[in-house]
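Following this line, the structures themselves.
In the two assemblies presented below, chain A is common to both, partnered first by chain B and then by chain C.
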Partner chain A sequence: MSIEARNITKTFGRYAALRDVSLTVNEGELVALLGPSGSGKTTLLRIIAGLETPDAGTGGAVLFDGRNVIDDRVGERRVGFVFQHYALFRNMTVFENIAFGLRVRPRKERLPEEKIRERVRELLELIQLESLAARFPSQLSGGQRQRVALARALAIEPKVLLLDEPFGALDAKVRQGLRTWLRKLHDTVHMTSLLVTHDQDEALEVADRVVVMNQAHIEQVGTPEEVFHHPASEFVMDFMGAVNLFHGRIESGKAVFGPLVLDHAGSAASDGQAARLFVRPYDLDITHRPGGEPGICARVTRVQAAGPHVRVELRAESGEAVVVEMPHAQFRAARVHAGDDVYVSVRDARIFTEDYSI
Partner chain B sequence: MRAYRFKQFSVLPGFWPAFSASTLYLTLIVLVPLSAIFLRTATADWAHLWKVVSSPQVVASYKLSFGASLVAAVVNAVFGFLVAWVLVRYSFPGKRLVDSIIDLPFALPTAVAGIALTTIYVDGGWVGRVLSRWGIHVAFTPIGVTVALIFVGLPFVVRAVQPVLAETDRDIEEAAHSLGATRWHTFRRVVFPLARPAVLAGFAMAFARGLGEYGSVVFISGNMPMKTQIAPLLIVTRLEQYDYAGATAIAVVMLLASFLMLLVINALSSADRGKGAR
Partner chain C sequence: MTALGAGRRDPAIVRWGLTLIALAFLALFVALPLAAVFAQAFDKGWSVYLAAITDPEALQAIRLTLMASAIAVISNLLFGIAAAWCIGKFQFRGKSLLVTLIDLPFAISPVIAGLIFVLVFGSHGWFGSWLTDHNMQVIFATPGIILATVFVTFPFVARQLIPLIESQGSEEEEAGLALGAGGWQTFLRITLPNIKWGLLYGVILCSARAMGEFGAVSVVSGHIRGETNTMPLHVEILYNEYNFAAAFSVASLLAILALVTLAAKSFLEWKVKTEITAHAREAAAAGGKG
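For the complex of A and B:
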């Protein structure tokens, strides 16, 4: 089932949580809503679920397979909702938690007891917690609780699955495991899913498409590759991982950052306009002598060789802090030590100019 | 069978001082006075005591005291829960004021409450006038006794339930709704079970308070023998006649009965709480 949110606006008092946001999730897709806290991503998810309503008179609509469900209550929308803090019923066992949605159905739609038990057992098998059916939520670990919450949401055979920071309260290792598990689960059940997260690694790893949100609007929608390699804005570039920032300006079709001169043809930016250069730490090279490439003079302040990559911290002549990451082999070849004066050259970068259209 | 161990090892010191101090305190404040009642009763002539305790007047007063306290506690459990719910879940102008009004029955001298209630509920009073038109008489009837006990017992349930509701996350209700539960189902199967131990505890306290209440009841009850005399009143009456043994005999029966009831309610409450406790 496809999900479409159309022209959603939501304000809490004087605070705008969403400003005219529209979004489409295709049938069977897993889409991540990614953004910092306060960007409106959870509010959008809750409006799609029916736990919040868009501002009255703003004409916002939520469509499931083209049908407007904005007036349907949350229980009528048949959505599976997974909460950040699990929201399990702590007075019920794991089994009863999962069975809850099946047991509260109106009598004539309710499955016979034997069918309910069968369904719960299937779900327990799916989340690999068959042996813990009689436990109470307080006797489970965080990761187990969230799996139970997911099984409980799936029990009602929802048309869409909505997950609100489902792994946000778990520690890094469990989170990684559940992420992989969730992707596998999605590949088997193919349910249209929308996942809210503030963790860009999680979004990039799990989702078919990523929707980056910031300050009540959508910054960019695209595949993980698109948003990572072709960020549409400075915000997306910055949010997708560590970046180095250099300030410069546009001069006759070129972007000039001190000794670095980069081609900036084909843009509407005029001469003298301020420009900012964003470079990922692994898109920088360090050499001891100026080679063919123009480079920024910098002094190495710290070398951190523990981890999959070597992280070199430098201070540029112009005073900016620069971080370079390189594979160990390259680091050994470059023979860089703390205190060295070196040249930093740029392999790949994104240039953003001041946008006066706002 | 659970094995009882005396001392649970803790890195924090202070088990023995804390344990001894609380035992001593309980002994001085509760146990010594209560055992005095038993000792006093034991010195008297048993035949006399049995005559006092089994006299129709006393038995009627026991029935009224326990019956009215029970009804009042049930009413308070229902409406106290409602009040607590409104105070926790909604914000409205004057909420803080309402919140402090809840405690007034604690603070008000009970005689003042009794006189005020009587003035309102007598057949010519503000409320009594309306009710008497329907043939309902509150003052000087068992209904009046119950009304007075409802008044003094209200804060117990509200104050017991309020914190439990406040710490129950909204997302639990939202989860129930998203799974297709109606409001009623959500309340009955999710919200209420979480608050039930607190409701029971509040109910027990309101009930116990009702059994011991004297000041507010004696004004509104009219103290008619066999009809509206509560047990504490008969105790006072015996004392005024210098029949200390008779007074303590009535007291011992009340004490044992209320102790048993509280024991049962607390056991129910903690069994309920133990289920799925965090």
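For the complex of A and C:
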């Protein structure tokens, strides 16, 4: 089932959580709502679920398969909602937690007890926790709890699955495992899913499309590749991972950052306009001698060789802190040590002027 | 003990001295008076004791006390759940005012509470003439005693539940609603089981206070023997008549009620504690497996 949120505005007191936000999730898609805390992503998810309502009189609508469900209560919308802190019923066993949605149905629609048990057993198998059916939530680990929460949400055969930072409270290793598991699950059941996260790695890895949110509005919507490689704004560029920032200006169609002169033709930016250069740490090279490439003079302040890449911290002549990341092999070839004066050249970068970017 | 003792040890005289002072206080102010109540009650033997507590006026006082307490507990139970639910689960204007109002009976002297009801419902009070016209009596009658008891025990259940419900948040209820449960189902299946121990605790405290209430009830009761006397009032009357044996006999019943409540409270605290530690232990064991 497709989801469409149309012109959603929501304020809490004087604080605007969402400003006229619209979003479409296609049938069978897994979309990630990505943004820092306070960007409005969870509020949007809760409005789609029916746990919150948009501000009255703003004309906001939520459509499931084209039908407006804004006046339907949360229980009537048949959504599977997974909470960040699991929200498992602490007074019920794992089995009863999963069975809850089936047991509270009106008598006429309720499955016979045997069918309920069968369905719960199927779900326990799906989350690989058959042996823990009689446990209470407090007796489970965080990862197990979140799997139970997912099974409980799936028990009512929801039409859409909404996940609010489902792995946010888990440690890194468990999170990685569950992420992969969730993607696999989605590929088997193909349920339209919307996932809220503040972790860009999670969004990029799991989702078909990523919606980047910031300060109550959507910054960019696109596939993980689009969002990562073609960020639409400085915010998205910055949020998608570590960046180095250099300040410069536009001079006769070129962007000038000290000794670096980069082509900036075809842009509407006029001469003298301030420009900002964003470079990923792995898009910078270090050489001891100025080669063919124009480079920034810098002194190496620290080398950190533990990890998959070597991280070199430098201070540019102009005073800016610069971080470069490179593979170990390249690092060994470059023979860089703390205290060396080196040249840093740019392989790939994005230039943002006041309100225009290429 | 070990946490404190491991670092350094105070001299023996300090340790023993403090312990002795605490024990002496406990003996002087709690154990001794309690023992005295029972000693006085049985001073003239079993037959006098039995006669004192089976006296028709004493039986009436016991009945009235139990009835007023039962009604107070039930009404404050319902009110307490409703108030704690509102305060714990929702944000609204005037919330802190409501919390303050719930605390009011704690702050106000019970005698003043009694006088308030006399002012409102007494024959010269606001509703006095209306009540007389409709042939109803509140002050110097059972309804007044019940009202006074309800007022004085008003905060107990609500006060016990508000922090509990606030700390539990409303995510579980939201999960219930999202799974299609109705409001009542959510309350009965999720909220109520989560607050049951706190609720029981509040009820115990509330009933202990209701049975022992003197000041407010004293003002509205009128001390009509065999009609509007509660146990504490009956004890006072007997005592003022120098009928010590009978006074202490009825007092011993009150003391027994208090001890039973105390035992129930301790049992409950022990039960909750063991449940929590058991869960914590199992959770820790499960946590290792990831």
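Everything that follows uses one rule, which is that the second predicted complex is superposed on the first by the 355 of 358 C-alpha atoms of A that agree within 3 Å, B and C clash if a C-alpha of one lies under 4 Å from a C-alpha of the other, contacts with A are read in each partner's own complex, and residues count from 1 in each chain.
Quick note on the criterion: contacts are C-beta pairs under 8 Å (C-beta built on N, C-alpha and C of every residue); 3 or more make two chains touch, one makes a residue touch a chain.
Predicted model, so just to flag it, every value in this text is computed and none were measured.
Undergrad: What does the overlay on chain A give for chain B and chain C, a clash or a fit?
TA: clash
Undergrad: Between chain B (first) and chain C (second), which, if any, makes contact with A:G143: first, second, both or neither?
TA: second
Undergrad: Figure out whether A:F100 sits in contact with chain B (first) or chain C (second), or with both, or with neither.
TA: both
Undergrad: Just to be sure I read the superposition right, which of the two partners does A:S37 touch: chain B = first, chain C = second, or both, or neither?
TA: After superposition on chain A, A:S37 lies in contact with neither partner.
Undergrad: Considering only touches as defined above, state whether A:N91 meets chain B (first), chain C (second), both or neither.
TA: Touch status of A:N91: both partners.
Undergrad: Is A:L51 touching the first partner chain B, the second partner chain C, both, or neither of them?
TA: After superposing on A, A:L51 lies in contact with both chain B and chain C.
Undergrad: Once the shared chain is lined up, is A:V174 touching chain B (first), chain C (second), both, or neither of them?
TA: A:V174 sits against chain C, while chain B stays out of touch.
Undergrad: Based on the A-chain superposition described above, do chain B and chain C contact any of the same residues on chain A, and if so which?
TA: Touching chain B in the first complex and chain C in the second, residues 49-51, 73-75, 78-81, 83, 85, 87-91, 100-101, 104-105, 136, 138, 149, 152-153, 155-156 of chain A appear in both lists.
Undergrad: Residue numbers of chain A touching chain B in their complex, please.
TA: Touch residues, chain A against chain B: 49-51, 73-75, 78-81, 83, 85, 87-93, 100-101, 104-105, 136-138, 149, 152-153, 155-156.
Undergrad: So in the complex, which bits of chain B are touching chain A?
TA: Listed in rising order, the residues of chain B that touch chain A are 169, 171-172, 174-182, 185, 189-190, 193-194, 275-278.
Undergrad: Any idea which chain C residues touch chain A in the complex?
TA: That would be residues 171-172, 174-182, 185, 189-190, 193-194, 279-280, 282-283, 285-290 of chain C.
Undergrad: With touch defined as at the start, can you tell me which chain A residues reach chain C in the complex?
TA: It is residues 49-51, 73-76, 78-81, 83, 85, 87-91, 100-101, 104-105, 135-136, 138-144, 149, 152-153, 155-156, 173-174 of chain A that touch chain C.
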